[in-house]
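The following pair of complexes shares a single chain, chain A, combined with chain B in the former and chain C in the latter.
After this line comes the complex of A and B, so read on.
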């Protein structure tokens, strides 16, 4: 009964379809709240099923899908992000205007991510990436009355499609070199060969790194990130920067640490260079941003660099560190975006850094969450962001890439410049009296997400050892355990 | 193997891929950019089918079929967005899309 193991993906897909058709029901309540309720129930059910199948690898559809601890852990990351974003979107203009499609598109995107996490075959990986991207192109442009939202959607579509084509060409070359699209068989076919001895594989690796680099918004493939993040509706930006990044990193781990493991000695440098570039470019560009969404966009470029360190290390230890940091990054970023979303309701220029002036003094609980998020993103001990970075840098040192760890550490120091600036403004800044208020109350659920994310940042550090055990066994399952 | 050797399939595919990449970077009309992206996706299809013949298995052909479906979905979304932008302000030039500086 291998089909049973795919239930998390099937539930999310079915939830998306049902949620899309709720508007056909005759009752007003079902039309208004049906899509959201169905989506949330579906996501929770999928999370439960992911926990049920937490165990040894089950191969479904003749090895195209690998249901293992790795994919289940990633399912939980995607589902958490999707639930948080749906809760944060309540009463957002885009979500109200398109209430029939909004939750459904998020679920379709989540299903695509889950396919990526469970992919055992290049075709599945490609379809998963496209499913998640196409749904996000629409979500980014969903506020059709706002020019910036449309522009963001169109830019994302064109850049995303270029990234997908480059990735696809890389997959085509990899197929050409090995004669199979199964990741397991590719690993077997390539055992004993070197990257420099196989021009096709070398070309494939370069193109795949570039293509996935677009999706993970790692430098030098990050040019679209600030524009798209700024223009898209803020909850969708939060979804893009957490779940999409996790999916892209999952693809990296599946292809490289899981599939191309035999010729690791050659590709780790390519990924290492991309990681270093992302850390440097992201951190320096973030220093001069005045818009919170752009600041978080460049910060997410830098964070993609940190996450890639674990892939470049090419070891189980590196994969474990990346997975743990993905969890930490998820909650830190959700917390930061939740504050921006709440602030956007209250004031007209809510997405600027200046809008946060004095905010932490007036709302100490939100201020505390913002502080936790910023300090953790910057890597302050003993928060989860610090632990994650520590493990990532450790895995780089273990893999004889000390230079990468050094660049990571320097990047973290630079990042203090902008993370602490946000905190300085939030706690000690003063907002001019003339500043325009909009005065929309945020729904209580948005506050709940904020506080829960803040608690999770602490919890991931306090309960680090069971979480790390889970990440460890998930990383080991990449190699078929 | 009889017929055209693999080398020429790959040359054609490389050529189209390069043409598409240059097109995306040089063109400023979103419709033509979408067209160039299609060119890139389909060049990968040619490579896939060529390799499939070389290896004498169908994996590559199945992949190419899936890619066609995916590319169609992507273009539909792309055209939809272009129409939405067009309605908003009758401008079809990405250089004029600069309310987001980037």
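After this line comes the complex of A and C, so read on.
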């Protein structure tokens, strides 16, 4: 059983339940602030427990959950994203009347992600993915008075159902081929076999890549992304683009680098092609976006492509690069979304690129954070985004996939076209006369998240050595089972 | 020797820039001056001290790597935070901080009327830090970091006047072309990591002869050269530099003339161990330099904007350095880099005095006869023109002749390039004297100057005077058949470089004096003798038959044989090659990307059924791909 090892997940689950019921308490303070406080306390406790288990290797529930450095590192990523999003959501219109539901849905989703990160079994993996997705379907549609928000939730639900069925079909085929759902046993069953001999595995690989590619919003399974990202409440968009992507990549690494490593020669090309498609489509489509949320949506498609390079490399080194880039991607995306969220409350239509015109000159601190985020996303040295891309492209070169590194490099050049445009507008643009002030001041805590994310972009690059050590040991624990 | 000094030299400009940037409001101007200029001057003094200390060392002990901590360790690859202090980096530091200090002092006056006084000095300080990081880095990764940071600083400073759309467009163009170079360098670094497992300069150079195959070393050097060409504005990646003149003049002087654009030359000299293993890449470098120096020189002859004349001449002069580096004359390349920093900074600053005196006018058509009002600027510009043209005794004379003489000795290819370089030296004299005459002599422009020309005060005049002295006499540190201080100094880095033979030097000396005299005389005859002549000549080029009967038979032949074709070629190159071909390529790439983006947007029609259809098609496509791979 080993229930103790699963405490981080249990704490988050319990936090979700308690914060939901906080809204039922009769006191005003508990109704207003209870859910947020409980959620934050729960998340912090889960983070502490994850750190406590750092270095242990425990198999819980007969190997269906792996408590190892990989899952603990991902726990920290999910928890950081959840804490940042909860702080950014204070006074968010969608959360005002239903604070309990809001916080608890984020926590349920986080718990689902933690299941994915720790999954040693296909069933657990699938349950985790569904848990995180179902909570997000609701969160996306939470601004019920706004048509776009409803549309976003509905679209996500329908397309998500298709994605989940594809994934489940893939898992079923894999089970059919190997007779087990345990990843460790699948690896043993596959050793020595090739795809040509096992058509079931052949189908399984394609379907799993497609299903997980959908969750990671990699092309050509990305088309829901811009619509859903644009329609959902912006903090939820930030959560989807950081935590959900990390969960999808965790699933990729668990299944492919961890489970299917024996037949790596047969899936690296498929994942490489998906990565290349995502890089090309995401970067090119982002060029013509005028809405920051759509722009960041396409940017996240491209970033999913970069992240998948490390999976396609199929090595410890690739997994390490992907994990490091996930950390870098987390902080730079949070920084970018934090600026959009703050701006959105200040003016009407604040999520357009034009709304940022001249903003950096008036709020230099926000401008500096936005600059760091955009330059880092574009892979500008010496920021963490550059270091991550450097490692990812390097792992592709090591794996004899130079073409993938070249496509990544070309994608980076194209991406400058839109990241720089945002910076150009923010620093050099003239303040629009028509911008209608909405006058909603953002709480201090949102500013704190903004500044902290900006500092983290730099810190991850400066203190690269210990962070990379952690990523490496996490990557090694994938194969050590 | 105290290598820790290098860290202080590196840190001071950043500290000054950060303090200025973090100042809560616009600080008092005097405070900005202290925080802007102070760190620069102290950095220069410390560099000079470091230089003196290094002089006291044996030449074997002059190469020190100062390592602070290990930044990344991935498998076998370990990257340190470290600086390499050696004669090459100290020479670059002296140029950057020395010329930098002078330009900073000049800027205190030049930018006096600008409301963004603080931002200017903060960004300039950031640039100096980045440039010092570039030249001091001890491994390729930090080289790339510095390389990219100077690109960022250049972007910020070209776009300094962000209200002007051309300035913002120019900034963007410069940044994007530079990033193409950055990426080529990153790929070169990957190859080094894969093949040699290290990015440390010393280890790479040690392992390269045995560890790198012929193909790999050619690939690495060519990729590095793409980076060098982008930064140093070599054909075909040169188009950003003329546009970069949108930045303030001190920026053009420091970044787009004296230091940053010569980083490509530094890179080739720094990695010369690799280029010596790569004959094809070296030839490519030399030929590119020669093509660039010639094209840019011809184009410079028809420019009307003073700063653009200087920009094209910068491209041309860097072409000389690149050519020398490609031919293996690394000492000559670095020598010209140094003298060019002196006289090109001098030219930009003295022309800047004219622009400042005319409240921002930059067109030659709005100038003329200014020698009567701005005597000091006139003399200073004249010295700069003499130096860049290579009039005997001036700085440019020694260094340019050394490049040409080295080319003469460098085999058949060298002889051809020598001819190109010698011809271009004549064109250089022509366009530089044209600039001098059209600015300072002749009548006033029709309609006057707009404002009465104002002479400059001492903060602008003093640095110009220092640079004028350096441009006049700075070449004497290396004299053929006399002494070879530059080559001696660089010996620990580039090895013992052979000096050109006597024949090469005599032929070069005679030829270059002749072509420079011809070029200068042609400019004098066309632009100085009779103010109406340029217009008349332009008309006569069309009516060539009438000109045949002209009594100035020799002039006429010269006109047809040299001025006309050169001019036409320049016009043609400028119109067709520049705006048609090179710009067209860039524009074509952009519109292709935008076009495909529009296509993608059309597919993004908001209908769930489309999305699901694309998803399923993706699954089928992937399946087909895998089936094809498996059954192949």
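Quick notes on this one:
Criterion: the second predicted complex is superposed on the first by the 478 of 481 C-alpha atoms of A that agree within 3 Å, B and C clash if a C-alpha of one lies under 4 Å from a C-alpha of the other, contacts with A are read in each partner's own complex, and residues count from 1 in each chain.
FYI, contacts are C-beta pairs under 8 Å (C-beta built on N, C-alpha and C of every residue); 3 or more make two chains touch, one makes a residue touch a chain.
Predicted model only: the values in this text are computed from it and were never measured.
In the superposition on chain A, A:162 contacts both chain B and chain C. When the two complexes are overlaid on their common chain A, residue A:127 makes contact with chain B while staying clear of chain C.
Applying the stated contact rule after C-alpha superposition, one finds that A:394 touches chain C and leaves chain B untouched.
When chain A is checked against chain B and against chain C, the one touching more of its residues turns out to be C.
Contacts of A:295 after superposition: neither chain B nor chain C is touched. In the superposition on chain A, A:81 makes contact with neither chain B nor chain C. By the touch criterion stated above, A:405 is placed in contact with chain C alone, chain B being left untouched.
By the touch criterion defined above, A:221 lies against chain C but remains apart from chain B after alignment on the C-alpha atoms of chain A.
Judged by the touch definition given at the top, the superposed model places A:231 against chain B, while chain C stays out of reach. Look at A:179: by the touch rule set out above, it reaches chain B but stays clear of chain C.
On chain A, the patch touched by chain B and the patch touched by chain C overlap at residues 155, 158, 162, 166, 223-224, 226-227. Across the complex, chain A meets chain C through its residues 155, 158-159, 162-163, 166, 195-196, 202-203, 205-207, 209-210, 213-214, 219-221, 223-224, 226-227, 266, 269-270, 273-274, 281, 284-288, 317, 320, 375, 380-382, 386-387, 390-391, 393-394, 397-398, 405-406, 409, 412-414, 416-417, 420, 424, 427-428, 464-465, 468-469, 472. By the touch rule above, chain C contacts chain A in their complex via residues 69-75, 141, 144-145, 147-149, 152, 159, 162, 168, 172, 175-176, 179-180, 182-183, 186-187, 190-191, 193-194, 590, 593-594, 596-598, 600-601, 603-604, 606, 608, 610-612, 614-619, 621-623, 625-627, 629-631. Residues of chain A touching chain B in their complex: 122-123, 126-127, 130, 134, 137-138, 141, 144, 147-148, 150-155, 157-158, 161-162, 164-166, 168-169, 171-173, 175-176, 179-181, 223-224, 226-227, 230-231. Interface residues of chain B, counted against chain A in their complex, comprise 13, 17, 20-21, 24, 30, 33-34, 37, 40-41, 43-44, 47-48, 50-51, 54-55, 57, 59-60, 62-63, 66-67, 70, 73-74, 77-78, 81-82, 84-85, 88-89, 97, 99-102.
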